[in-house]
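Taking it in order: structure first as structure tokens, then the write-up.
Chains here go by letter, A, B, C and D, matching the order in which they are written, and residues are numbered from 1 within each.
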């Protein structure tokens, strides 16, 4: 594309404001997901959850923010100062950038690139550095071991995740998430879920592991490694790690909805059954799907006990990876039939 | 179009998002730096070790069981790269090429199952 | 100066700087971080060269897998800062020879190249069909045999993992 | 001077730095990293030529270089680990079992 400098400035400004909007909405969501999580888990465990700050505790995220900002920022004396400061930034930034290639509805995407899925995988791969460096730079044994364990966890679950995404790419023959959604809307079942149930389940389990959520929240396994690579972090730096976790939850939920559930489109048979569904704005459909997965994340956390580390590894290597390749085989077979 | 003046404009927003995210994180940290208290004393800066005096250096040799995982990850990452390219061009290649690609994938899966069979991925093996 | 040139010079500068800094850094973990910067910027350079797929594969494979393997290796072996001395090139004559050799490559590489070949994949065609599709088709159609060879090459480390599990004998030999 | 020459010169310079690193470092891991840098230098040239000659074969070649580099690194680090087990160090200068003193 040959653009003159005027167009370039225009594009830059446009994407700057789009980025601001997305970032703002996402931060708001992340803050209130923490609140929702505490409320829902409280209800599940027949407690009330936060209710002191504001009506129904609705101002709780604000109070959390103030607390994180005013907490002391401790740099342990053995720490490698530069790397210690770099690690949470690396994790958070690589997570936020993923949002820029995710379409929220047909015309709203920050960077409309050909290789959307590759971008997400590339930045997810860079996120591993945040974990390892955070563990290494703290100068504490628990941190180092926790960092290595989390890194091993992320690496082992990235393989089944990416292989099951290969099934999605195969079905749509494109890397662009918008094309993937369109291909699903035109397909037989209206969503990728149906030929690829195995892939969907594998992706879901890996999404839990990639975001370090229960039942795979080994970094938060107090009984084993204190708080893993986050042990020595305090105040807002730890807040950055947490923010990264919640935003990556949203990235994963968005990815699942876009890749397997048809994103903002509804299956054709559903539309022909209930024509009134055509009137729903596409962004709402996507939001419902995303909120469902976020609720699932919270629900699972309140329900399942934590995996032990060797069980975690065994699950990935012995179950999920063979299953993901099986899924790929099935998709190839389907594709060759049609 | 001339390759001399090709600019990948569609990646400009990605870069802007990168800058925005960095600015947000650093801005938060700076904001915190102005309002948070600082009362440091030596005990506070000790690395956490369940309340005991820290013993020994924090960096030590660790069991090599992470290495098989990392090596398998590298190999699978390369395979995934080819898998994705196969996925994108699946319906436009000839059967022979498809056979070659599937052979490539299967040979690596074979190697993986060999490792699995031999128990190299058992976490408790070391 | 056009935008392309500014971008090119930025990337070239950072690539050379980070390669240099990475290789003169004594602490291995910091050196790896410089190399990470190098790999990411090479990815950026590939974007300038209209190789989007390759740019992100560069980050996925080199930065996300190979360098992580190195990093885990460093942490596991607990490699500390190395001493400041040279293995090769201990006297000035050999340094001069090495410098001459490198500059010979430099001159040879940049001056003897004549750019005549023109392929069929023009920018317009790439934009029309989609670069990743053309790349995949070319890879699997024209390079089927190298792909099969590559499969055997990648099989080697998978089989070689077994070496890590060889028990040491009592006398210290492997 | 076209932009292509810039890319070619960049490739050569990066190759030179990689070579220099291979020569001056004593840490085996860093020596392997220098090899990676040299491979990357070649990759830059391949992709640049592919872009300016409008032929995607260069990119395919780069893909192969990346893949084989990954395989080589994997096996190289296994060997490094074996050596480390015997010697207890990654310093190349200590690997002098066959040297006569």
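Note that a residue touches a chain if its C-beta (ideal position, glycine included) is under 8 Å from a C-beta of that chain, and two chains touch if they have at least 3 such contacts.
Only a predicted model underlies this, so the values are computations on that prediction, with no experimental measurement involved.
Interface comparison, A-C versus B-D: the higher count of C-beta contacts falls to A-C. When each chain is reduced to the mean of its CA atoms, the one lying nearest the mean of all protein CA atoms is B. Mean C-alpha position of chain A lies 29 Å from that of chain C. Between the CA-based centres of chain B and chain D the separation comes to 20 Å, rounded to the whole angstrom. A straight line joining the Cα centres of chain A and chain D is 34 Å long. If you average the CA atoms of chain C and of chain D, the two centres end up 6 Å from each other. Of all residues in chain B, those that touch two or more other chains are 1, 3-8, 11, 59-60, 62, 64, 66-67, 70-75, 77-78, 80-82, 85-86, 88-89, 112.
Listed for chain A are residues 8, 113-114, 118-119, 136, 144, 148, 151, 155, 173-175, each touching two or more other chains.
Counting only residues that touch two or more partner chains, chain D has 2-3, 51-52, 54, 63, 66-67, 70-71, 73-74, 77-78, 81.
Here chain A touches chain C in the complex through residues 5, 8, 80, 83, 113-115, 118-119, 121-126, 128-129, 132-133, 136, 144, 148, 151, 155, 173-175, going by the rule given at the top. Per the touch definition, chain C reaches chain A in the complex via residues 3, 29-30, 33, 36, 40, 43, 52-53, 56-57, 59-60, 63-65, 68, 71-72, 75-76, 130-133.
On the chain B side of its complex with chain A, the touching residues are 1, 5-14, 16-18, 20-22, 24-26, 28-29, 31-33, 35-40, 42, 44-50, 54, 58-60, 62, 66, 69-70, 72-73, 76-77, 80, 83-84, 86-91, 102, 105, 109, 112-113, 116, 121-124. Against chain D, the residues of chain C that register as touching in their complex are 4-5, 8-9, 12, 15-16, 19-20, 22-24, 28, 31-32, 35, 38-39, 42, 45-46, 49-51, 53-54, 57-58, 61-62, 65-66, 69-70, 73-74, 77, 79, 82-83, 85-89, 98, 102, 105-106, 109-110, 113, 115, 117-123, 126, 131, 134-135, 138-139, 142-143, 146, 150, 153-154, 156-157, 160-161, 163-164, 166, 168, 172-174.
Contact residues on chain B toward chain C in their complex (touch as defined above): 1, 3-8, 11, 59-64, 66-68, 70-75, 77-82, 85-86, 88-89, 92-94, 96-98, 100-101, 103-104, 107-108, 110-112, 114-115, 118, 120, 125.
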